[in-house]
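Multiple structures follow.
Both complexes shown next keep chain A, but they swap its partner, so chain B is in the first and chain C is in the second.
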Partner chain A sequence: MDLDLEVDPNLHSLITSTTHKWIFVGGKGGVGKTTSSSSISIQMALNQPEKQFLLISTDPAHNLSDAFGEKFGKDARKVTGMNNLSCMEIDPAAALKDMNDMAVSQGQGANQGGLNDLLQGGALADLTGSIPGIDEALSFMEVMKHIKNQEQGEGETFDTVIFDTAPTGHTLRFLQLPTTLSKLLEKFGEITGKLGPMLNSFMGSGNVDISGKLNELKANVETIRQQFTDPDLTTFVCVCISEFLSLYETERLIQELISYDMDVNSIIVNQLLFADDDKEHNCKRCQARWKMQKKYLDQIGELYEDFHVVKMPLCAGEIRGLPNLKKFSHFLDKEYNPATDGSVIYELEDKN
Partner chain B sequence: MSDLTMEYWVLATTLMFVVITKFLQYSANYHESWVSKFTQGNTSSYKDYMSKLHEQKLLQEENHSISAQDNYAKWTKNNRKLDKLATELKTLKAQIHEQASKSQQLLKTCKLVGLTLPFFALKMWKGKEIVYYLPSNKMFPHLFNGTWHQGWLFVAMYPLDFVLSKINTVYDVTFIASKVPVYKGTAVGVSLGIWVWALTNVLASIEFVINQLFLAQAVPEPVVTEKKAN
Partner chain C sequence: MSNISEAEKRKLFRERRQKKFSNGGATSRLNKITGQADSQLNTESPLDNPKNEFVLPTERKVETTSSHDDIHNEKSVSESENTPQVELLKQLASMQKEGSDSTPDLFSLLSSMQQNGVPNANGFSEIPSDIPMAPLVDPAMLNYHNYLVSKLKAWTILLKWIVLVPFLYLVTRGEDFDHSSILGPLSNVTDSTNFFMVFTAFEIVATSIYYQRLQNIERNNKVNTLDNNSKIVKMVSIVPEGILPIKNIKGKVVTLLQYWDVLAMFISDICLVLIVIGIFQKF
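Coming up: the complex of A and B.
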């Protein structure tokens, strides 16, 4: 975090950061998360051409393909026109469910170690279903496994991974999991100590070493947590629009992230009208909406004094395709000036 | 009671123990509040808790009185303070509970050391001393006479004493437990142990009757409604 009293109203420090390995972009639905995460990725890739970047969408609604105007799947693929930016779309929850179903249908024979082993016969999944944060943890591990497989397959490693997270909230709830699991394992130890043989016969001949697996999971999550709570390695960028509910949700998200000890110091405020400087197309409705947006912008300034608050304009069309994203993303690196940059709003190529 | 044979202080102390025990029994519901007043009234965590609770109430009232949309920053800052206060209050509450349970434990120990153990010791020490003699030894059967005179141990030892009495014809009954023979025809007294037992039972009975007659809430007859057949 900058020590200056005045914090830059852009993401230049993040875009040029050489230490960040994980960047999360999150916010409620419809505020421009995908556009923002794509823009950050593009700017980072343009600013650091020697590095490899990976943009992952974990949102089941998958908008990356639409944003870039090309199809991405669960395997990372380079964005056409950029040789150091790849994208992939994963639905971790669905992948997890498929894997669990497969494990159940194939019984004991399905175990090949790793996550499959963890979900042996579906029994563990049933048991762990009630632990808060475990779904997110398993989903996240599924994502990490995909990244790892990808790196092993192509022999190419990614220096920075940008996550376009799903607007479901609790995205990073699993960071609290080590504490929860410690408590659970303690209880579990007590139970197995008392009912060991009975529990073994109850669990069947497969001998599912649940506490062993939970310990393994805890260790894995702990490792991830260490990386995610290091502000040099990981940061979270909040995306919102200048409206009450969006700001309220953003505040809750920020407080939640702070409770996980995660670094969060950037807010992108999207869809701003900047009606004062729009001489050509300046309707009464725009003026009124801009007045409301300004009111909330003032409040954001008061509440998040030490945050990078980036004000992004509402463009005339949808920001789709690499050229449009490049133009738009430029304002993350150098803040948008409505007096001089206003023309860009109407210059976006129509991709609809 | 005119035939009181034991020292007055023993009887007075016993009565005092009985009265204190009963008083503590009746006042059990208030112990927690007494202890908390005594121990928490002046502790810093309790004062801190109360002031934070007051602060929380003020903030809640302020947040209710302002419009969240018109004063978003103020409202959110208050919410942050409220979240912080809620966490602090939770911690303080746990601390206060811990202090209270410690005080309760202390009270229990005091009761044990100051009341239960001395009372027990007194009963063990002076339990077989006769409080008074019955006017006649024909008032109760022989087994009861022995019990009143010697205490409950007499009942436990009675079978053995009965066998020994058959062997040793000098005595009608030989009291192994006390080594003090009671000859047929001598006066029968009531020992302190039995007297305390009788007193506490009488008090308990009176208490039960008063409770049932005046204090217990009437249990209304359950209303049975017939379920409609489908």
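Coming up: the complex of A and C.
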């Protein structure tokens, strides 16, 4: 069956999607991931007011607070002016400090002496905070927490979680975690099956049920793995700019994601000049860069004809604050037309 | 066309995309991108190249020594297959291999631990005492290389003594010959007062030629003789960098051993020369 189907050059189908639970937004550093993820979240929240959305930044160098112009922390907090969109920034240092403090409070009761003194100084946080990969692990814990909350109906629940991810390498490691952990726990299961009695005797009588904990963890991880590989529940939006290195990294990212069985069908191409249609501000440098951008846009068009390729303009000002993000994000739902929408890029409110 | 639901549409596009990335399509896409920009970036696709199966050092060892000890091999393979801990580590390491080019993490740490042995219950790595460390070069190649090096050494010693024995004879019995004969022009060389100078010069030339030939063999075979044969170098390789207050300790030890090799050859030659001179003087 060879149907002549055209893919929309916008994210309307994603924005109005009622099935997606997890949306990842990622790409090379500095291409506008935070702006894109914020825009998707805003558009989803505006289009589906009856649903709750959460935007999580898993990038160790958080930008969400700056993008919205208000401070977000490790706990989900509603965006001022939107009652169905919350944001949070996963902070490994803060999360580890909490874990350290918890260990200290438990240790005080148990009179652990030297160890307790060591933990008082935040040694656990310092030690674990320096482990590479801890950001991804904490992001993953956050996902597990949300799934658990949804299953048990505890705490705040969200219909869709959008991830503003770290540059490509970190993100791929994060997305590999469910599969990695799944395999790892399977092997652990085999070991604990054989060494179970010995481990239990080490842990003391009846204090910790290791096998039970592992099985619970395994089930959670398996759920996440299944959800992440279900195209109706999870998708990845690639963000790039129209330049060689960005295009190359996007292609590699897409191929990696396909190898993880993850759905990826949308690419946002940011910072386009559309110099041909902007007669008023059409300097020599803009023309040269636009020529280069067009070359890569042609290539993107050829390579990704079955993807939603959304072409976003380079704005005159910074896209910061909810009003600016709302204006900008509109072009994700209905594609930017340089002939008619050109004025919008000069209309952004100056935050400074 | 309008009858197709959004979900069906998505499915159709997904199938189309997957088709384009399969059967070598992924690599050709990367080639297309890099080709247009005349870039040297890697175009190997994770989709076209199945992930490398990680092989434990112990298993690698088993494979390489197969011609020597088949019974031992079967035992080692079956042991590693039946041990869940080994399987776990294999899994961990393969996961790390699948990973990208980012900073090393726990997986790489575990993987690197395996380079030196399998961690035991206490978390410390153990080098199996009954099995030697995994050789870095093919054992057959190493054997061939050692054969060539031994052959070179034997030829060097033989040629040296083909020259040295007559020379020593002339030095000790020079007065028995008529200096106007064919040996006349060599009288300066065979003069006993010049002996040490001539002998040292000869040793330097002979040793230099030997080392040049040795380096040629090492380059051709891509085998470093000391790295692969010297127990001292192997032991020094185990010492982690930074534990001792000397930087690049392995490199320094290799240089020292090379000098020692030269010195040993020179000392053994002197000893033999003294013996031969003694013999010539006596008879």
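Just so we're on the same page, the second predicted complex is superposed on the first by the 235 of 352 C-alpha atoms of A that agree within 3 Å, B and C clash if a C-alpha of one lies under 4 Å from a C-alpha of the other, contacts with A are read in each partner's own complex, and residues count from 1 in each chain.
One rule holds in what follows: a contact is a pair of C-beta atoms (placed from the backbone, for glycine too) under 8 Å apart; a residue touches a chain by one contact, two chains touch by 3 or more.
Because the structure is a prediction, the values reported are computed rather than measured.
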- Task: Once the structures are superposed on A, label A:E216 by its partner contacts, choosing first (chain B), second (chain C), both or neither.
- Result: neither
- Message: Output check: A:E347 vs chain B and chain C. Expected answer is one of first, second, both, neither. What do you get?
- Response: neither
- Regarding the shared-chain residue A:E156, is it in contact with chain B (first), chain C (second), both, or neither? neither
- So, A:D261: does it touch chain B (first), chain C (second), both, or neither? neither
- Partner chain(s) touched by A:E251 [first = chain B, second = chain C, both, neither]: both
- Task: For A:Q299, select first, second, both or neither according to whether it touches chain B, chain C, the two together, or no partner.
- Result: both
- Note on the structure: The answer to whether chain B or chain C touches more of chain A is C
- Message: On the A-aligned overlay, A:S13 touches which partner chain: chain B = first, chain C = second, or both, or neither?
- Response: second
- Note on the structure: Overlap of chain B and chain C contacts on chain A, residues 244, 247-248, 251, 255, 299, 303
- Note on the structure: Listed in rising order, the residues of chain C that touch chain A in the complex are 1, 4, 6-7, 9-10, 12-14, 16-18, 20-21, 26, 29-30, 32-34, 36-37, 39, 41, 45-47, 84-85, 87-88, 91-92, 95, 98-107
- For the chain A and chain B complex, residues of the former touching the latter: 244, 247-248, 251, 255, 296, 298-299, 302-303
- Seen from chain B, its contact residues with chain A in the complex are 68-69, 72-73, 76-77, 79-80, 83
- Item | Touching residues on chain A, where the partner in the complex is chain C | 3-5, 7, 13, 131-133, 168-170, 172-173, 176, 180, 183-184, 187-188, 190-191, 194, 231-232, 244, 247-248, 251-252, 254-256, 258-259, 263, 265, 299, 303, 306-307
